[in-house]
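Each of the next two complexes has subunit A plus one other chain: subunit B in the first, subunit C in the second.
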Partner chain A sequence: MLKGRFGGFFFQLIALLLAFGVVSLILISVDASPADAYKNMFTGSFGSLRKFAEVLVAFVPLLLVTAGLLVTFSSGLWNIGVEGQVVLGAITTTWVFRYFLESDLPPALIIILAILGGMVGGAIWASFTGLLKVFGGVNEIFGGLGLNFVSTALTIYLIFGPWKRPGVASMSGTVPFPDEFSLPLLADLRISPWALGIALAGIVLVYFILQGTYFGLRLKAVGKNFRAAYLLGIPTWQYSMYSFLICGALAGAAGAVQVAAVYHRLIPSISSGYGYLGLMVAMLINYQAIWAVPVALFFAALNIGSIQLPILMKLDSSLSGVLQGILVLFVLLAEGVRQRFAKKA
Partner chain B sequence: MNVELKNIHKHFGKVHANKGINLNIPSGTIQGILGENGAGKSTLMKILSGFIQADLGSEIILDGKPVIIDSPADAIHHGVGMLHQDPLDFPPMRILDNFLLGHSGGLFPNRTTVARDFKLLAEQFDFSLDPDSYVDALTVGERQQLEIIRLLWLGARILILDEPTTGISASQKSKLFATLTKLAGQGMTIIFVSHKLEDVEHLCNQVAVLRAGELVGETKPPYITSKLVEMMFGKVITLGERQATQAGEVVLSLKNISLEDVRLKIKNVGLEIRAGEVIGLAGMEGSGQGMFIRACAGLTRPVGGRIRLNGRDLTGKSYHTFKRAGVNFLPAARLEEGLVPGLNLTDHFILAEEPKGVFIDRAAGQKLAEERIQSFNIRGTPLSTVESLSGGNQQRAELALLQSPLSLVLLEHPTRGLDIESVIYIWSKLKERCRQGASIIFISSDLEEILQYSDRLLVFFSGKVSQPIDAGATSVEELGQLIGGKGWADMGDEHA
Partner chain C sequence: MRKNFARLASLALALIFVLAACGGQPTAAPATEAPVVTEAPAATEAPVATEAPVQEPFVFGLLLVGPYNDNGWSQAHYEAGLYLEEKLGAKMVYLDKVNPADRPGTTPDQLAEELVAQGAKLVIFNSDDMKDASTTFAKANPDVFVIMASGDQVWSDGKAFEEIPNLTNIMGRMEYGKMMAGCAAALTSETGKIGYLGPLINDETRRLAASAYLGAKHCWENAGNDPAALQFKVTWIGFWFHIPGFTTDPVDVSKDFYTTGYDVVISGIDNPVNLGEAQKLTAEGTTSFGVAYDYVAACDAAPEVCIGVPYFNWGPEYLKAVSSAIEGTWESQFIWVGPDWTDLNNPDTSSIGFVNGPALSAEAAAAVDAFVAELAGGLNLWTGPINLQDGSVYLADGEVATDQQVWYLPQLLEGMEGLSAAE
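Moving on to the complex of A and B:
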């Protein structure tokens, strides 16, 4: 019973229970009621349509980033730089909007151009990590991390430098764009169905690439055994680059949506940490695209649900991060234990 | 220090690597250990130096006291130091820092006294090592010297050397031999593991020969080479009828090929291989045949010479160009280099085919896999992952991945570790390729396999390459000598 698909599910269920158990202990240690905390998080995310719309606002970039990371993980790459790729997507989108501020082009076209621009920007930024890896021998984790810092610095420079608000520059970001530059939102809600569509299209695309195409199979071969893939005739380093480009484009789309549908300007923390959160989702779902939607939605709900905690219970909203982190650790641990069992059996 | 090994057994799963070995080495002896690859030499030495533990019931007795050695650190504590074939040092560090590693001397080592000890030891053996230079600037021979004095400084009374004469210069070798003789004179016990008959005969006071995990004989000087060879390779078994193939057009032509890596240099090899011909490469592992076969695949770039395939100059081109021109290479490390663990057989067959469009036709892939599984007699299903297959079936899977048509098949140890049934099957498949016009070059450490299946063969020894030898005109005995570095002068016409 510990083998196969069901066995995997069994271990993950235990991991989930353990994660909630540990977080409960933490809550008890600060004299807070775990039941209340979980209840507040649930109502904070699913309690009303407005709240659920907020969950979807967080879900969109998270899903896009996760979709991209599934591609890099499949080719055996740790694209930590995804965070910076989100930022560069946002920067390029902002740049495109600014470029067309005075133009007579239809706004819909400008929005499309801006989002495509964001994808290109993210892809170019990802290609830096890829080039460093392929031609410079720099591990993608180090290259990506370094570029993340550069991207943050670049955002701050733009906000306080060339793109500063007239008068005084501020941490609140650049001047908001006119309303017609926004992706259409649902009435009274902050969620754009178009953004949701982009995200779902992204994950479906990735699912089909990985499941059904020669390209996806070759990516997996490169990821699982670089050397053997080369001997089988696959142009290995090119495939590493392709996967960086695809992931960068999807992360860039996440950044573009943050600008075009959520903040309507460039702000310093435009990526909101969705890059790193996406890494956790990708690890949690064991790199299987089919699970990306429910798990990303769950993580987004935790994030939004915990916003209420400081007000209602005087708990810090980072509780969601603690829960997410512990959950990932336990799931990985459970997987390790399961493999040990499988080996012995 | 007296070393006594009693009834040493070691199993790795089903493999019985050491079968009750008994060996006595008195203090002050230089003990030679001979044996072909896989004879159990390394296992025995790893047991003595604490890298692995022998099975229950095995005994190691040092100076009359039974000891249990459960780690390399523990071994040095008992006075056993091992010098590995690839020195286990830390290239980006200074020599002195390297020297300090492994020394349990508290948190802050006293560098001045250590530097003094280092100098004294280096002078004693006439090694010119600068303690402040970096290890990556040293030659293999110098790294060996560093390792020797490091082990002595840590208190080694037994020194194990694994193939120490590979990759070092002649002068370094004579210095090494002088050092070892001197150490033995001081009462050290030296264990010298090698496949080079000449070195062993020259240096050792006594020699033990291992074959297939057993100690098959011990001798003292004067050594009779032919007897050593016979012990190493076993009794010559009469071979089945060899099938001569009629050779066709020249497929591969090598002209003055020179190859180099950190260890070895191969100079000016010339060879022409005709369609349908099988060339066997014999030699101890690491004698240059691996580099040679990789050069034929375009994986190693020759430093000189030309490679032509079917008349087309491919010198300096990549493996993928070679592959498109009809060269396939099957590496020995099946799961490391040949196959992709985690992917199933169907995935592999799809990957090996030219893509048709963007989307994979799973049904066609499945059908292809079923056909190949049947025609190559692989015990597995289209959905079996390659790591779940046995070694023999992995090898069959690799063969099933060969493209068609093919000009040249390069194989490293195509039948290593396989049962006899698989061996015969695999060669029948390979010979089928020959009849279709492909040539084969293969590496094997099984001399009988080489004599049985190749038309001509090359012997490699420390980067020297023999002229092509007609497989019908030689014997296991003669090959054994050549592999051990004997009889090269008589040939007179080797390449280097």
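Moving on to the complex of A and C:
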């Protein structure tokens, strides 16, 4: 057991080194110094409190999405639709804010309602994928992907249509909400401690569900062997739906935070790709909740740190995306190799 | 089992409630702390003015909405940045592709701070898309000078006026350039059908499309053509340039124009992709021409189909503004400046210009030059009678539009096809 775990760690370390090696080769091929690039990315993300706060801004939605995906992965579902669930969370949050724009309710209450609204919106959107899967026999990958496109189209329709700025038809987004609709931010920083709290609560909740409850155990049973779980008397399709709803709610919370604490309005790319990035994080951590926080933080740091590359080295900041992708590939590959070794031994 | 889950869920909800409720009392937002000062105070506070500027070059930041080499709007700004480096010995730090699609999860005010971290004491926001963010940034960083190109926040006669002492708006009167573009298009078109590749819809894009129409109409009728035979159609793509999945593809829009008899397409977006399509279609036998936009050398992309380019030359005004920041004479201003009519294409004096393209016939070129001379002589096409697209009177007979009327043009003009606002 110990040996196996150690072996896994060893293979993942190799994968990490390989990924950095390949990216270094790419950098060398364009005459850039890998050492400088990594150094700039590091100081760009952890070099100051301000920068670390920006990393946390990206970390919050990423962690929420990852937490949600741990649930769907545990029940054996590939919830690609998580991206759209983030978007719908943002849309519903925007809708709630707009609904209460003129109201006399305390802003705190409106913010709570808006975030809860976002969670409900995300959950409902996820339930569509779930219903298509359970009752329509549509694989959740295709259903989810389709709904992602629909969610983008819906955002664009709202921004250019019913929610447009007066006299304007632009991708720039809806009219920004008043300051009191913002989740309170730390002085001089852009991070909201409440957003951070929501994200940490989300991952703790998921960890608790998966590790400490009978519900989580059954969820995993459904994921490991759907048919066997069914024969053992677990209401399998209900469990699939539960996991979609939980994931949707967490993704919706990510979208809600994007509106309430980051952009303060609806913009076309409101999800910032965190849904897809969350999928990578979940795969990288091999669906173990305990690793979600450090790895999501690492990915968020890569995203923020890479902004330094175009400013300081005239390199494209998509390099961070390349590194993230390669890393996931190598880790999966290493896992495959390890299993092969394990079998032989 | 189910009870367990319900208990868990309610626990989670309660937790979130508590968290959010604690967040209820909004702490003082940092933005409100921006000093409510009266007149040009930023200059006095700026450390630059006191420190000896001999050794350290003045660092300015530039945020570009598109790629720095987009052959259009952003490249014109980038070249202006190089101009400042050359003229002032200043140092530029820049970041391009500053838009939420290319830099997901970031905001322009956050990215501006990255430039400040690299030493920038002045930051130029180059796009309408960053207007709100430039306001946020300027208020949160009262000791950093801000130039917001194309905006109207500090126009005291404008609709969105706010007092932001460390912010200046700069824009060229591209209306003239667009009139010249429209003129060249009308004199080149065989079919009398002119397409206008519009970006998103707002005050700026409406008035520029309308200017192109006014120029086209003027030259079309002056050349003795039937006024009713001129068709001018605007198709908007939704943003300043193509973002796959979010905007209409401007290449497709250009193709639709060219293949339905619109033999000249004027670009109103941040780059001249219409030229590429014109080049391709001309090679296939459909005679097509294009007018580029924004950048002086934009015709180089496809000279054989390019009949001209109205362009911005940001250098002169940026030089004045940045110099004033260095010298401590900065004032928050709204600058909307026309060309140097004595020398339209002088890089040191003219803020907008127009270059005839290689594909413009000698005869048409002469007529365009004559039109430019008329404009220089005081011809104002924003003179009534002009109706708005819905038929209502915009300018009565002989009435000349005020700056406000032109800047905030509420609709396209009568005679133009295309949307005036979002549906």
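To be clear about the criterion, the second predicted complex is superposed on the first by the 342 of 345 C-alpha atoms of A that agree within 3 Å, B and C clash if a C-alpha of one lies under 4 Å from a C-alpha of the other, contacts with A are read in each partner's own complex, and residues count from 1 in each chain.
Following the convention adopted for this analysis, a contact is a pair of C-beta atoms (placed from the backbone, for glycine too) under 8 Å apart; a residue touches a chain by one contact, two chains touch by 3 or more.
Quantities reported herein were computed from a predicted structural model and do not represent experimental measurements.
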Subunit B versus subunit C as contact partner of A:F160, first or second or both or neither: second
Partner chain in contact with A:R190 - subunit B first, subunit C second, else both or neither: second
Partner chain in contact with A:L217 - subunit B first, subunit C second, else both or neither: first
Touching partner for A:T152 - first (subunit B), second (subunit C), both, neither: second
Superposed model, subunit A: greater residue contact from subunit B or subunit C: C
Subunit B versus subunit C as contact partner of A:N225, first or second or both or neither: first
Touched partner set for A:G336, first subunit B, second subunit C, both or neither: neither
Partner chain(s) touched by A:I115 [first = subunit B, second = subunit C, both, neither]: second
Subunit C-contacting residues of subunit A that also contact subunit B: 213-215, 218
In the complex, subunit C residues that touch subunit A: 1, 4-5, 8, 12-13, 15-17, 19-32, 93-97, 100-101, 103-107, 110-111, 113-115, 117-118, 128-129, 132, 200-203, 236, 238-239, 243, 245-247, 410, 419, 421-423
In the complex with subunit C, residue positions of subunit A that touch it: 44, 48, 50, 54, 57-58, 61, 106-109, 111-112, 115-116, 152, 156, 160-161, 164, 167-172, 176, 179-180, 182-185, 187-188, 190, 192-194, 197-198, 201, 205, 208-209, 213-215, 218, 242, 262-263, 267-269, 272-274, 303, 307-308, 310-312, 317
Sites on subunit A touched by subunit B in the complex: 212-215, 217-218, 220-221, 224-225, 227-235
Interface residues, subunit B side, partner subunit A - complex: 319-320, 323, 329, 331, 336-343, 347-348, 350-352, 355, 357-360, 362, 401
